[in-house]
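The two complexes that follow have chain A in common; it is paired with chain B in the first and with chain C in the second.
Coming up: the complex of A and B.
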């Protein structure tokens, strides 16, 4: 698909950003920056890849930050209050994320709600639910108890790949966090799902022209619900990574994550007009955003200025997307009149 | 041929929307290897019938059988599985996806785990291309193809199904003459392979060129069925438009026409153009006349009149109003020049459905009801009562929500809203779509009254019956060009039909 900001161009822009900060920011070009980027933005990439699915079916999922919070609290409660073993908690967490996401889809399909409104409502509802089931408030004394289940804390593991293959003797290699490999696995799975399966093609068709999809016999409602469920599962995975890192969950876990994820997805070329996108773009988009924010921090730019910059980047990405859509429409119109003669 | 059992058969099909019957008691059959034309004016019920047969619409009554077996209604997938494919008037493709993906939309061959078998998909597609002698790049996104090629993708989509019946809804509406011939060759090839085809078209030449049998619809009913060989054009036209109108049209007793009205030119367009949309459009619109622009859907009539009103801009040419150059940049400046505009989609663009009749009528004339910074409800109600009376809106209740009125009465309110401004120029886009026959006549009467008061009226209409009834002069648009203008009294409907189709025969 040559009509999009291509993956190659995105990678090039990523490389230019890295080069820029390597020159301009002190201590940017170091192993620890790469490590920070991988461990601090792998879950953002996962959220962005999940977010891509609702956007692909011409919707949006504002509730993913709240789902992160909810799943995080479920993990907290199961582990610390009910002492459920970690190998049971992991699938339950994914199931909770899938259900929370699927509920978004059900509201949108069966109640014909606007995705923006439906997920704004569930954002509030899921966050409120997180507070009401919070083990931190229900059981006094748990606030300071860390989660020690090895199945969960094991997610926060680092691998000294450089050391094991002997490369560390030559250069200072970063340690690779497990979350980075989880991100790669999610990427591989979702990319195959999107590009090589019937379901993936049906998803693009639903977002590209829902009426055509319906008339081709595609079950548009089921596809839409599944897209939101995928977004929910990705939020659950992100929640597990964050809980493992902090060895606890708070009621505010994941607040505002939806904006970063939407920004990363749109920067990664997932069109808000629906039906166009890949998994590669959102992943790179997340790390691009991460590189920019880490670079700015090292340059000493204050936090609030970084937030302004994130906003500007999101606006620029959405504006560029609009431009591409308009250009495509104009091309279509020209083709139509050209043929009429 | 009649010995064959029908491949597709609808019995007693009907569909009502609210209190409007779009289709009533339709029996319809297609046999293998038969090309059946389905014709009728706009709103005659053709599209509704087609949508029932494809499963896109659930009929209110009746049954559909495919090869003698009852088919599930309102189930697109069920119809496709049973071999009924449709090529729609408007594109039904996903523009960002490749040609290959579009051909197999929703039913790609898969291997284990739902992985698409791209190898097999491509082999089958190439085989299909070779068999039907069609040349197309399977990997191009459909959105980047010209319209002709997009039509071919839709045909390929139907062919890939091994469809036993293909419904074609105005398949040539967007095509140039050479491409029409090409499409007809494809239709004959399909017929030879025993596929049943339903061919909808406004262009009679095409019917006589390619169809075996013809079904004629009017006002939601099937009024005639015949072999094409056994029927002639005047009969077809008479059946399409109805005896009464045909009689009127042939007699000179039709209501008075006023070509060029009072002779005063209100609006004068010279060589108007908008890049990629329309071009070289020149005409004069006179005070006291009704000028109808007709043409196929997609001939850019709507785009042209939107530009005249100012909701779009034109790139080239000049526009004069009352002899002075007019630079209309926005609907506000259009209104300042005395133009009123009744858009095609009254629900989306014309009316506030959840406000009442009085409020809607006052919408364009709020200035008149101002008392200082406030609006006078009393003044609005008085104006409303008068307008309701003049327009004979039923029920005559200014407090009624517009949503609750019938289509015809909604349209009267919309027209009345603009007439309240006493516009010097009134532009109406498809003023009677979805309006019943009685209300149509009333709307025509309202337009004639406004004409009598000296307004210049420009009507865009696809409904030839309407054009022949109401027009003083007729302009024909084809593909963004105004190809002909006629005095309505000096031209036949047949000639207009020929010009609309772009045919020369």
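Coming up: the complex of A and C.
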């Protein structure tokens, strides 16, 4: 198990970014910015941590945006058409996400499809499925009906932590969204899974060298399917957060989310070469991306320019990843020649 | 089972495997023709070719990229940006050749940047072109804004997408010319050989003294130029240039056509001619499902299922 030394570098870069915008952007260093960052990017962080697992086993999951849409529509249907209570919907939504993710893994393991192609195909299929089960089309009257189930809308709750411990009298404290705490819980769970369990070690071994892992007795196929299932579950959690926020679901919910998630994971140091990464990196990567976009907005930079800057950041991150790989290779080579002499 | 039987079965399977897509295409044509007579009318068949021309040009031009083990996700926004470039060149009163060159140059330039980064910095093509997708879309939105730019009173430019020549839409001729050119490049030029060599074994090709990096850069330039040409045709066809043309999903259709044609996404095997087969297969499936009034959601699911089945069969063969 390797943890990137770049975690510290990433955190430092995050701090520098925050400092930069605090100085240069008006109203950046305020409670409302922190609140926007937490509520607007917690689900991105969850998607990025999920995306890290397929990348860890040397794959990629392009279908998470479509899974978000599919799970969102399932929640919509169950709640508004079938009037299923929220406490039943929540586990069903997670199950749906897990199944959709596991199917990706099955296609990759048993049909020997390239992850890129398999998840491309399911991207189309899941989005199509979302349209075909859309309660908006099936029951026209529902398009304007909000979801009122407290178990679902309750996800969009804010806690005045600063007020409850009396800090708000001293400084203006942000209210903490529940989605931020969900993100922390997902982070804790996945980090333990990755670092402290056999499954986590098997995942890294599979991504590092699948053939060697197989010869070492690791059930590579099962590990791969589980990695994609985790990605699907994370997409389902993100879908719940989004549905709670909008109190509805649309057929297009989550489209394009895979790009942001992959970007955050790569920025967070999850190596596309497989086997190397953490949960900390993708989460920070997501909030770093968020801080930059919010900062630029406050500076008055138009949204289109932000799109360009997101692309440039992604290029820089993957370039940095490449640099680290090269450096590691060079170190190995010098070690080898040194031993030869 | 006796040996002779096994041999015979293998013989037939081996014979059929390379032509599986052509056979499948023939079967669905028959199915659609029987279930809906309107399918086989010349008007509809010409319509299919006209519909697939845009995706087809992009797919034939992306085949080399995928053969070298790469991929280009940025073709959608390139399509939009080149349409805008042509529009602004038209507005500036430039002559038609300059207008077309302006559009093509935009695509070639984006392709050049993609190619240089992939070939010389050796960054993964998926991420590089993903980043470029974002960058080019942002650029298109800055340049063109969110509003539609109508292309009016430009008969010469509009002819590209809407004109007819000897009873056939002009865009079909462009598609045919591009396809023919790319097939010739693959079969008759050193570039075609080099692309195959890189896909087969990049290290070996490098050690044989070939200019790997130059070749890899060039295939992305071709891909970008192809997407730009598609953008020119599209903007001419609908008399509009818009920054959001080529929406997310366009690149997936293009890649699907290429891999359906049997080009491995890992690089190596591939052929422009078979990409055309993939293009027509998807085009016929789309058209047939439209004629049969299959709803869009089922069409999406079917498209995903077709890609999975076709590639699973291909993987089994290998």
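We take it that the second predicted complex is superposed on the first by the 335 of 341 C-alpha atoms of A that agree within 3 Å, B and C clash if a C-alpha of one lies under 4 Å from a C-alpha of the other, contacts with A are read in each partner's own complex, and residues count from 1 in each chain.
Convention: a residue touches a chain if its C-beta (ideal position, glycine included) is under 8 Å from a C-beta of that chain, and two chains touch if they have at least 3 such contacts.
Source: prediction; values computed, not measured.
**Student:** For A:204, select first, second, both or neither according to whether it touches chain B, chain C, the two together, or no partner.
**Tutor:** Touch status of A:204: first partner only.
**Student:** Would you sort A:196 into first (chain B), second (chain C), both or neither based on which partner it touches?
**Tutor:** first
**Student:** Kindly classify A:11 by the partners it touches after superposition: chain B alone (first), chain C alone (second), both, or neither?
**Tutor:** The answer is neither, since A:11 touches no partner chain.
**Student:** After lining up the shared chain so the two structures overlap, which partner does A:124 touch, if you call chain B first and chain C second: first, second, both or neither?
**Tutor:** It touches chain C, and chain B stays clear.
**Student:** Just chain B (first), just chain C (second), both, or neither: which does A:217 touch?
**Tutor:** A:217: touches chain B, not chain C.
**Student:** A:138 in the overlay: touching chain B, chain C, both, or neither? Say first, second, both or neither.
**Tutor:** neither
**Student:** Considering only touches as defined above, state whether A:307 meets chain B (first), chain C (second), both or neither.
**Tutor:** In the superposition, A:307 touches chain C alone.
**Student:** Where on chain A do chain B and chain C both make contact?
**Tutor:** Touching chain B in the first complex and chain C in the second, no residue of chain A appears in both lists.
**Student:** Chain A touches which residues of chain B in the complex?
**Tutor:** On the chain B side, the touching residues are 54, 56, 76-77, 80-81, 86, 88, 91-98, 101, 104-108, 110, 113-116, 118, 141, 143-148, 157, 174-176, 179, 276-278, 298-300, 478-480.
**Student:** Quick check: in the complex, which residue numbers of chain C touch chain A?
**Tutor:** Residues 71, 117, 121-124, 126-128, 130-135, 137-139, 141-142, 248-249, 252, 255-256, 259, 265-266, 295-305, 307-308, 311-312, 315-316.
**Student:** Okay, in this complex, where on chain A does chain C touch?
**Tutor:** That would be residues 60, 107, 111-114, 116-118, 120-132, 134, 255-256, 259, 262-263, 266, 272, 302-312, 314-315, 318-319, 322 of chain A.
**Student:** Going by the contact rule set out above, which residues of chain A touch chain B in the complex?
**Tutor:** Counting only chain A, the residues touching chain B are 1, 3, 192, 196-202, 204-205, 208-209, 211-219, 271, 275-276, 328, 330-341.
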